[in-house]
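What follows is a pair of complexes built around chain A, which joins chain B in one and chain C in the other.
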Partner chain A sequence: MTAYIIKRVLAVIPILIFVGVVTFSLVHIAPGDAANIMAGDYAGPDDVKLIRKELGLDKPVMQQFVEWVGRTIRGDLGSSIFSGISVIDLVRTRIGATLSLTITGGILAVLLGIPLGVIAAWKAGSFIDRFVQIWAAAGISIPGFWLGFIMIWAFSVNLRWFPVIGYVPPTESITDWIRHITLPTILLGINGSAIIVRMTRAALLEVFREDYIRTARSKGLAESAILFRHALRSGAIPIITVIGFLAAALITGTVVTETVFTIPGLGRLVAETVQTRDFPIVQSLLMLLATVYVFVNLIVDISYVVLDPRVRL
Partner chain B sequence: MNVDAKTAEPILIVTPPLAERMTVWRRSTFRILRANPNLAAGMFVLIVMSTLAIITATPWAQSIARYDPVKLSVTERINRPNGDHWFGTDSLGRDVFSRTLHGSKTSLIVASSVAGIVTLVGTALGVVVGYNRIADNIVMRIMDGLMSFPTLVLALALVATLGSSLFNVILVIAIVDTPGMTRVVRGVVLSIRERPYVDAARMSGASLPRILAIHIAPNTLAPVIIQASVFFAGAVLTEAALGFLGVGTPEFIPSWGNIIASGRQFIQVGFWIAFFPGVFLAVTVLATNLVGDGLRDVLDPRLRGSR
Partner chain C sequence: MGRGKPHPNRQQLPHSPRLLEPLPEKPDTHDHTQQHNRTHMVSTLQSDSGHLLEVHDLQTHFTTSDGVVKAVDGVSFHLDQGEVLGLVGESGCGKSVSALSIMRLIPNPPGEIVEGKVIFEGQDLLKVSEAQMRQVRGSRISMIFQEPMTSLTPVLSIGRQLRESLELHLNMTRQQAEGRAVELLDMVGIPDAARRVTDYPHQLSGGQRQRVMIAIAMSCTPKLLIADEATTALDVTIQAQILELMKDLTQQFGTAVIIITHNLGVVARYADRVNVMYAGKIRETGRADEIYENPKHPYTVGLLSSVPRLDVPADQKLEPIRGDVPNLMDLPEGCTFRDRCDWAVDRCAEDDPPLEEVTPGHSAACWEKHRVRAHAKAAAK
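What follows is the complex of A and B.
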């Protein structure tokens, strides 16, 4: 097990290098010249030259890469082409909203998704199973940005239960924070729970086909005992892997959700900066979110091995 | 084998005439569809949607989408849905119904191109890496690297870099989806290549291309079809999300995503602008997912009867 964990941790290094190369290449795969794109249609040649110098695009590519890696490792992620605000400051002011949203949304997704998935698998084929499956199919199929729009229209514009846009940190006012975060949390939770339901149901159905479940059933155990004492114990392990998928759904979800609800978080920063092509910020955010995602998956993989005595790869 | 050659039944392989085969095929298709109402419903919706999308690309577009989807009309700004404009008009006086129908064309072009590219490239790569250690190490490391990005964020960054065009949207979604397909096909190939019948084929002197084409590739068909439906649905959603976030297909090509984006700011006065294209979008994705789940039940015998 230790060998596997060491191997798995070391495997992160080439992945992060690859992520870095792709991220760095962004500016260089831009057709024409990234500096031209950023300068916009009304810029003169001097402006373009200035931006090129600012980004270091006038140096050889290898030198640029080495310098970029060096800066990134030291934590200097550059600053916005337009406002001049450093990426670190931008992230610092915006991460709070994103964290509170992903935490509440993630918790809701797990609280909804796992019980629903377990019930659906346990009562496979029943009316409840059908209902849960429709819920999951709808949750995966209905685009978040449209559902969010409908929610704002129904609950904020018409019923006036919640504010239409914005965010208030919990340190300022707990009640205002709850009012602002409720709808986005529900939106993220619905989307995330749909994925969890499908994976939980599939994982448990697999467990229910195992011999030891048939044995338990044939020795006359109550269905509830089979579920709680036998199925869920081993079924819990594959369910952990959904957290990796949930992380992906939450990262994607925050971009869309924060844009719909106009929440000043990292996701909305991504959406804003790709529109203005503020490359230093786009690059840093891509690198940052990919790194978070890589480490979440690392933790999931390791916990999988630690928890399941059968997996000793 | 110790079966006496004289007493053994002669094996006759008779290919039934085409008409008969067609009847059998038709009958079994009907039976499959009747046993899977979700699959039937999903297919029905997809057929209707594609028909509408194809008609909007022909000269008969006017017969269903009566208005020009990009024609501005100052006097008809933000009209409620009515007899003339079934889905109302948007902030520039454009007919939302016509725009939504033309948007279905954009979505289906993107989704089918992505599903096609991903299927071809993913299957080819998957079969090759399943059989070649060196290629496996190189290709799969790249695929792992691509998969370590959150897909939408990578797609956003790539489209923003390459520029917004229909081609770039297709290219970018295909790039972020190919690793998933490659991984699935590779897994199937790795398990099939160890089967006894593949050993038998190898021992009887079959060449590698023949083994790949006759024994390996057909067995990847079921998972590939299922996966292609997943990527089709995903591409419809991603295309719309890119459009909604303002980096998808350019404004002059109506797509469900950019119509919803344009209607978002008129939520108080023109709810319908973003509402109707979203219904089409959700219904299409749901239908594709139902087809995908239905195909999984039909094609994957292991899961058959599990619901």
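What follows is the complex of A and C.
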């Protein structure tokens, strides 16, 4: 068991190196650079060259990469090309909003997704199952930005239940915090719950066909004991796995959600800085988000051991 | 278990008082209908001959998109306390469905028990509530399945799965059940039971898992054990061990057994009586030695002559039954076996022969049953 966990933890290192290479390459493969944008529409090629030299963009790509890696390892994540604000400061001011959204959205997705999936599987083919399936299909296929605007239009503009834009940290006012994050949380929760519903339902339906469920019935166990003790634990691995994917869905979801609800979080920061080719920030943010994702999935991997004795090899 | 053992046929009355008593209810809910039902129950008890289990005209159908499959089509048989009954036939003949119907474990949909009675200890199991049925399952009737590799829940320790039955049916505390679980594992021959009790199913071999299944099945000293192809998936040497273990334990506990198998050798060795099933119906029934020595249904003859035997010269060819099991969705008129039968006559195409007595205790459903003989197929022509 310990050997398995150590193996998993060590496996994170090559993954992060790979993520670093990909992140750096993507930013440099993308057309256009900060120098072009900074110079503006009327600048001549010489102006652009000058700016590029100032930013260090004229050096060979390999050299830029090595320098970037060196700085990152030393903890210097760089600063914005445009404003000069350090990435660490930017992240510090914006991470609260993003954490609020992803954590509440994730919890809502799990709290909706698992019970709905369980009910759908248990009552497969029934009216409830149909309803849950439609819910899941809608949650997956309806674009977040569209649903977000509909929600703003209905609940903020017409009903005036919630503010239209912005974010207030909980340290300032708990009630305002709740009012600001309710709609974005629901938006993230609906989208996230859809994949969990589908996986839970599919995993349980598969488990219900297993011989050991028949054995459990033949022992005279009540349906609830069969469902929670035998079926749900056996089907837990695919469900937990999809919760790992949910972390990715939530991270990408915040980009859209924070943009729609004009919330100053990391997601919107990614969107803005990608548009302006502000690489130091884009690179560091992508690295940060990827690291979070890798570690969430590390936790998922380790939870397998706890849930399924067969993994303890 | 084992032939020649006298069955305590008539000793069974009065029945174990446990099931006769109405299940826990508030006293004020005892209205007249329930009183009536109870008197009725007692009267059936007294009127019957004291069989442990009586199955009457059981019909279990499966509805599929292509039509209705009559998997069990009017099966009747009985079983006495401590008796061992073999249920034999090819795959798809309805043996397993019959067993699952007795336990009321037919998945619905698509399956449904449409007709019949399953009278166990004087009570029609098809009429009791699901909650009452759960008190019978695993406690009065238990079952062992074919696939030991997949019949135990992979994420729970074997001790946990044993304890579950003990806590549920015998109201043991966790500590009592833990102790008993080790004793049960020891009883079924798992070495070092005290340590193995925390093992998970994947840490055990197929034979050991089937031993655990037997421990679970016998944990509440059931009156009836249904072994559905319980040894088919095991190595031959392990098969014998498991069968002997089942025999020892069921004899010790006075448990009646229904052995479902397609292995006639198993039946010959362990069963007192045999029901031969074909296409959802019992086609021949009788004492195991009688069926083996003097089969009266062509299908039984076919089953016997498709098995290698030591008492027949080795150069004599095996004679498999020709053709396939008919489509249960579209059974022909008349006898369902006639297309594969060497004795078939014109009448077989029109009327389905009923199960009729040949000699006392031995019945066959065949118009030509008096002509049918084992190892005499050529003579039939």
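Just so we're on the same page, the second predicted complex is superposed on the first by the 273 of 313 C-alpha atoms of A that agree within 3 Å, B and C clash if a C-alpha of one lies under 4 Å from a C-alpha of the other, contacts with A are read in each partner's own complex, and residues count from 1 in each chain.
Operating definition for what follows: a residue touches a chain if its C-beta (ideal position, glycine included) is under 8 Å from a C-beta of that chain, and two chains touch if they have at least 3 such contacts.
Quick caveat: nothing in here was measured; it's all calculated off a predicted structure.
Applying the stated clash criterion after superposition on chain A shows that chain B and chain C can sit side by side.
Shared-chain residue A:270: touches chain B; no touch with chain C.
Taking the C-alpha centre of chain A as the apex, the lines running to the C-alpha centres of chain B and chain C meet at 70 degrees, rounded to a multiple of 10. Once chain A of one complex is fitted onto chain A of the other, the partner contacts of A:229 are limited to chain C, with no touch recorded for chain B. Once the two structures are superposed, chain B and chain C can be ranked by residues of chain A touched, with B on top.
In the superposed model, A:5 makes contact with neither chain B nor chain C. Contacts of A:215 after superposition: chain C is touched, whereas chain B is not reached. Look at A:95: by the touch rule set out above, it reaches neither chain B nor chain C. Using the contact criterion defined above for the overlaid structures, shared-chain residue A:252 touches chain B, although it does not reach chain C.
Between chain B and chain C, the minimal CA-CA distance in the chain A superposition rounds to 10 Å.
Counting contacts as defined above, chain A residues 125 meet chain B in one complex and chain C in the other. Against chain A, the residues of chain C that register as touching in their complex are 103, 105, 109, 133-139, 142-143, 145, 147, 150-157, 164-165, 168-169, 200, 202, 213, 216.
Per the touch definition, chain A reaches chain B in the complex via residues 14-15, 18-19, 22, 26-27, 29-31, 34, 37, 124-125, 129, 133, 137-138, 140-143, 145-146, 149-150, 152-153, 157, 164, 205, 248, 251-252, 255-256, 259-260, 270-271, 274-275, 277, 279, 282-283, 285-286, 289-290, 293-294, 297.
The part of chain B that touches chain A in the complex is made up of residues 141-142, 144-146, 148-154, 156-163, 233, 237, 240-241, 244-247, 260, 264, 267-268, 271, 274-275, 278, 281-282, 285-286, 288-290, 293, 306-307. Those residues of chain A lying in contact with chain C across their complex are 125, 210-212, 214-222, 225, 229-230, 233-234, 236, 307-310.
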